[in-house]
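Dropping a structure here in structure tokens format, bear with me for questions.
Chain lettering (A, B, C and D) follows the sequence in which the chains are written, and residue indices restart at 1 in each chain.
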Amino acid sequence: MAGKKLRIGLVGYGFMGRTHSNAFHQATKFFDLDYTPELVAVCGRDKANAEAHAARWGFSDVETDWQKLVERDDIDLIDIAAPNDVHHDIAIAAANAGKMVMCEKPLGRNATESKAMVAAVEKAGVANMVWYNYRRIPAVTLAKQLIDEGKLGRIFHYRAKFLQDWTIADDLPQGGAGLWRLDAAVAGSGVTGDLLAHCIDTAMWLNGPIDTVSGITETFIKERMHTLTGKVEPVKIDDASLFLARFGNGSLATFEATRYARGHKALYTLEINGEHASISWDLHDLNRIEYFDHSDEGRVRGWRSVHITDGDHPYMDKWWVPGLSIGYEHSFVHQFADFVASLNTDQPAMPDFRNALATDFVTDAVLKSAKSGQWEATGA
Amino acid sequence: MAGKKLRIGLVGYGFMGRTHSNAFHQATKFFDLDYTPELVAVCGRDKANAEAHAARWGFSDVETDWQKLVERDDIDLIDIAAPNDVHHDIAIAAANAGKMVMCEKPLGRNATESKAMVAAVEKAGVANMVWYNYRRIPAVTLAKQLIDEGKLGRIFHYRAKFLQDWTIADDLPQGGAGLWRLDAAVAGSGVTGDLLAHCIDTAMWLNGPIDTVSGITETFIKERMHTLTGKVEPVKIDDASLFLARFGNGSLATFEATRYARGHKALYTLEINGEHASISWDLHDLNRIEYFDHSDEGRVRGWRSVHITDGDHPYMDKWWVPGLSIGYEHSFVHQFADFVASLNTDQPAMPDFRNALATDFVTDAVLKSAKSGQWEATGA
Amino acid sequence: MAGKKLRIGLVGYGFMGRTHSNAFHQATKFFDLDYTPELVAVCGRDKANAEAHAARWGFSDVETDWQKLVERDDIDLIDIAAPNDVHHDIAIAAANAGKMVMCEKPLGRNATESKAMVAAVEKAGVANMVWYNYRRIPAVTLAKQLIDEGKLGRIFHYRAKFLQDWTIADDLPQGGAGLWRLDAAVAGSGVTGDLLAHCIDTAMWLNGPIDTVSGITETFIKERMHTLTGKVEPVKIDDASLFLARFGNGSLATFEATRYARGHKALYTLEINGEHASISWDLHDLNRIEYFDHSDEGRVRGWRSVHITDGDHPYMDKWWVPGLSIGYEHSFVHQFADFVASLNTDQPAMPDFRNALATDFVTDAVLKSAKSGQWEATGA
Amino acid sequence: MAGKKLRIGLVGYGFMGRTHSNAFHQATKFFDLDYTPELVAVCGRDKANAEAHAARWGFSDVETDWQKLVERDDIDLIDIAAPNDVHHDIAIAAANAGKMVMCEKPLGRNATESKAMVAAVEKAGVANMVWYNYRRIPAVTLAKQLIDEGKLGRIFHYRAKFLQDWTIADDLPQGGAGLWRLDAAVAGSGVTGDLLAHCIDTAMWLNGPIDTVSGITETFIKERMHTLTGKVEPVKIDDASLFLARFGNGSLATFEATRYARGHKALYTLEINGEHASISWDLHDLNRIEYFDHSDEGRVRGWRSVHITDGDHPYMDKWWVPGLSIGYEHSFVHQFADFVASLNTDQPAMPDFRNALATDFVTDAVLKSAKSGQWEATGA
């Protein structure tokens, strides 16, 4: 396919380590890339796990110390798929070592961390990207195109929610393998940085900057066993995080993220209402948008259920034939293909670190507002 | 409202007696009728029940012998809402007495009975109508308008089904109050004349005559207690009735009616696929059609979910405001209003007896085909 | 049917005048009432319109001055279906005259008005009720039953929205026939008192009192022709009103009402998430709830789409057979039937004035918060 | 991962060549296979295309003559992803050469071809499988489990349809690249062998053998340009194929496949109704079943929308986390993983050639019935 090599070092072999590794492989099969990914090494604290990941996914080597990974001469790109508490240090070290950097979202645990990360990659002048993968669900990408073409006209409303229910259980511990998202020291925040950040990233991509927010958070279960300490400890993350927002374009919004919405596994939904048209989308049926066009004849005007599986839909000429679905993992494939495609251009693949930082300003403002009881500006 | 009176005698105080009585009242409230219905008498075998119906619905008098009702001078219109086995005799007697006749569907228990009924009303020259009420669900009426306007172009496919599950129980008796639909002597057939007839009436109204059919029927529970005899007797009705059809316009169809489709209460659905557009409808969400228009721009083409509650939708200027639903009973109100409106015109309200007879030809052909194992012509 | 008479004087012949008049008629047909409604007089400023309403709906007389209506000796009950600005005066006068009072929602234009109305009916000791009709949609009533039975367990989240799009047009005037909802002097507020009040009433009925709120409102089109003055004037109502809430039981909520959500006619939706189960409902498909029961076996656990048309569902034994829908207007029929049934008991039909006042405290707090930029207590 | 190698030769680099090649790669990443697929050679008539496929998917070599591929010593398994007219010869030659054989569906162009293929693989004693991939959509696999566990009880009804609309265009040619499905000489039949065969395979897997059928077919556009001859020629395939069926267990069914159902891209839906429960599924939203369990409490009984993305759902422990979808291509991954897993067991991965032959008996009977106008036995 491709002449030049893109030598990758991956940090993390968990859920996100798998989605990224799959993206490296599938992008070369389904897209025409100018660079061939070479999987040089995967890094993780547990050597056996790292070796298993390397064997399965074709990494040539393993590391157990991320600093060694960053220092290797045979790597062009560091991809961070590890928990939030190490994003900051690894990204900065990688940038300082002149590597390109890709980082799982959220960028840092808060905007302070993220700003330092932005400064590092910009100073180093290295390509960088944050894995806000939902922008690359073809249905969501199509929504962006339609909005940018002006089909919706003036925007009045936006609403997004990301609903889960997997932590409704007193006996679920905080911390440890697969549960670091409940440990504030590692995660930074709870659903705010986890689920709400996705909602915010997509929202600002589609509808522009958010100016001000009024938020509320709650921790429904106050204490949980901490796996690492073996003790019952206060839960410091937020279980639910909701906010009202006013966008720069004057539209109003509700946002909600929670892990206490019984019946919903990963129900990320968004809707945008404009003067002329509206769009909604639902992660549980991700190959579809609902589209309402007010210019349709009145008698037969209604929300159109559009199955986004045709060759004229974003990315879909790379896959199968009309009517045949793709899944969650494909959003990562698309994002990596876009990143590679950007390397020979002046246009970074979005969101780059600076672009993703805007989300951290909003999540920080939401958490601040939840404490202050007042509307807070995002500084965006 | 209305100067002239329309003096009505109703036969039957059961489920259909109630829907018709309600229609008489509501049509005067929501439509501008040229005639005011006057509820002269209701007739039923059980006098106490007839009196209760009269008191509740405002009938001035009761009869227990339908022949006396038909002979009354103070009645202009006989409305037959009684079980199928008496349709034939009452309708003919009423026509012979010079009364207008409205009759619940199916017209007769078979086409032979129905032909005699048609002959009687045509000879007498009296207004007549059969209560195939689903034509007057606004969503279905809109479908008819769109098809007649040519929006679908050449038709390729039609499919309809009417699914229920209420007879899946060994201990349900046949016959008696509320259960005459399981008694072949009274009902004529099972789901063929009950549910399938509705599907056929709507289908031919929307898509023209059916030429040939291949059918199959089944009686899943072979014996049931008969309430009237007190004995376990063979069940002679069909529990399920399915057929393939070729319409006169060359389109192909599947039809299915059953009372053994677990999970469905009264799921009457229809879909029609044309060259340019398609429409589907579902009785369980009756204020809606799904409409697909191939001329929409490809990227945002999809089935439109159209909520049929606006003033430019059929009948809906008579009811509430956009977004506010009506229900099942309204189809009868519309049908009666249309009947009254037709009285001062040359155009009978459809389906009149002759028009409804066409459905009996099809149901007879389906039952014949189910026995012969061959395709049968409907004679339409 | 019924021995005693309930002599009714109705104020208003508009949209709500029709829904109430229909309720009086239909309740006697489908319910067994202890009192027979007698439609004594309808009152409205335009005599011709009042007479037309009287003729159509069977009122014996008309008045053009509500004070005369209230003073009549032959009336037991005053029903107020007129715009918001006259609720206060009529209700108090009626109570002072010893009449029962039914009033369209919202009770007053603000809690100050409403408190005086509560005081009047309580001082007079007359039966009273506010027409928050959505409590009597059978699907919503069933939700209430399930919650009260404890099937949901501890509640974590509530969300409601009422979305319309009919005022997205620069050239729509404010004020005048059918448009008083855009005139702040008449309506009191915009969507807050109109649509949001419905959401709040249902929410507190299902989930208990709301303690604190953070709200935001917007008027998207700033000036409109006023029909009464003939001039372009500032629009003083809110076009959109959103708020976050914390309920007394600790659950968190988002609420939104707007007339600028393109594509939605009257999309009132609500959802409640509990520890064990969740329920959602949608006015556009009103004969249905979605119900999720976490105790279902994991492999086949999912949201159940329950068609609320069976005899064991609230009110539905009065109507048709399983699978056959009812509509919007039936909620008023149920409410009136419940009111009549309550007259011989110690239990008022809810919401009575005092119960409905709680909604006004919340809407006032939302509007106050939208100005203050702070969380406001409802005083509930 | 895996010690032993499974050396594969693939015939065909089109749509199916891609789905199979992807399956070979992904199965090793997401499943623990006892054999490592080695992609030895891909074979196709156009050398440049074959080389491009080899480069992209990692095949070491190419062939342009399938007979050479079959004769190679370094290949264990021949996988046939070429048009229907070469299935018969290649499969038999491969079996005779002692290779395992995997073949795209339908097995042959008719049962006569298929029977010879079955005989060849059984005589050779080689592992064999037909790619009826829809059995491995996790939602469909779950349906099979639930039925086999007896949750549905006695089955009354089955219905399936596969609706497309891509050939509604007079100017679409028959034959040539991507269009061989319209050329009867290559395809054998039209939608009968293409789409209907999928419906039949799944149906008999879920519900047992089909005894008798009554079918109808139609070719709506009678003549099309043939790309290979350059002339307008009669179209000999069926555009639509519908049939009624009686299963061995006494249940009744409707089946329909068409490429003339405007608005549907690849709408494969199935539903099965049993005494106690029912299941339906839809390819356009493939990560879901609708499940109705009559034993649920009556008031809250309804179709459950079950999102099949949890670890306790078939295959889903191999992929992501609850709520995150997979797509069409994954069914091939699952099927290949199952095939490899079967190699060390006595149980062939289904459907093997003999099992798939049963579908050809049914499609032949449908086509025969469509000509005879009579019910035909399948011989099953």
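Methods note: a residue touches a chain if its C-beta (ideal position, glycine included) is under 8 Å from a C-beta of that chain, and two chains touch if they have at least 3 such contacts.
All values derive from a computational prediction rather than experimental measurement.
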Reference subunit C; chain at largest CA-centroid distance: D
Selected pair, greater C-beta contact count between A-B and B-C: B-C
Separation of mean Cα positions, subunit D and subunit B [Å, integer]: 42
Distance from subunit C to subunit B - Cα centre to Cα centre, in angstrom: 36
Length of the line joining the C-alpha centres of subunit A and subunit B, rounded to whole Å: 55
Residue numbers of subunit A (touch at least two other chains): 264, 303, 307, 310
Touch list for subunit D against partner subunit C, complex: 142, 145-146, 289, 291, 293, 296, 298-307, 310, 312-313
Sites on subunit D touched by subunit B in the complex: 152, 156-157, 159, 161, 163, 165, 168, 214-216, 218, 220, 240, 242-244, 246, 250, 252, 254, 256, 258, 260-264, 273-278, 292, 294, 303, 373-375
Complex contacts: residues of subunit D adjacent to subunit A: 1, 15, 19, 21-22, 25, 28-29, 55-57, 164, 166, 264-267, 283-288, 307, 309-310, 319-330
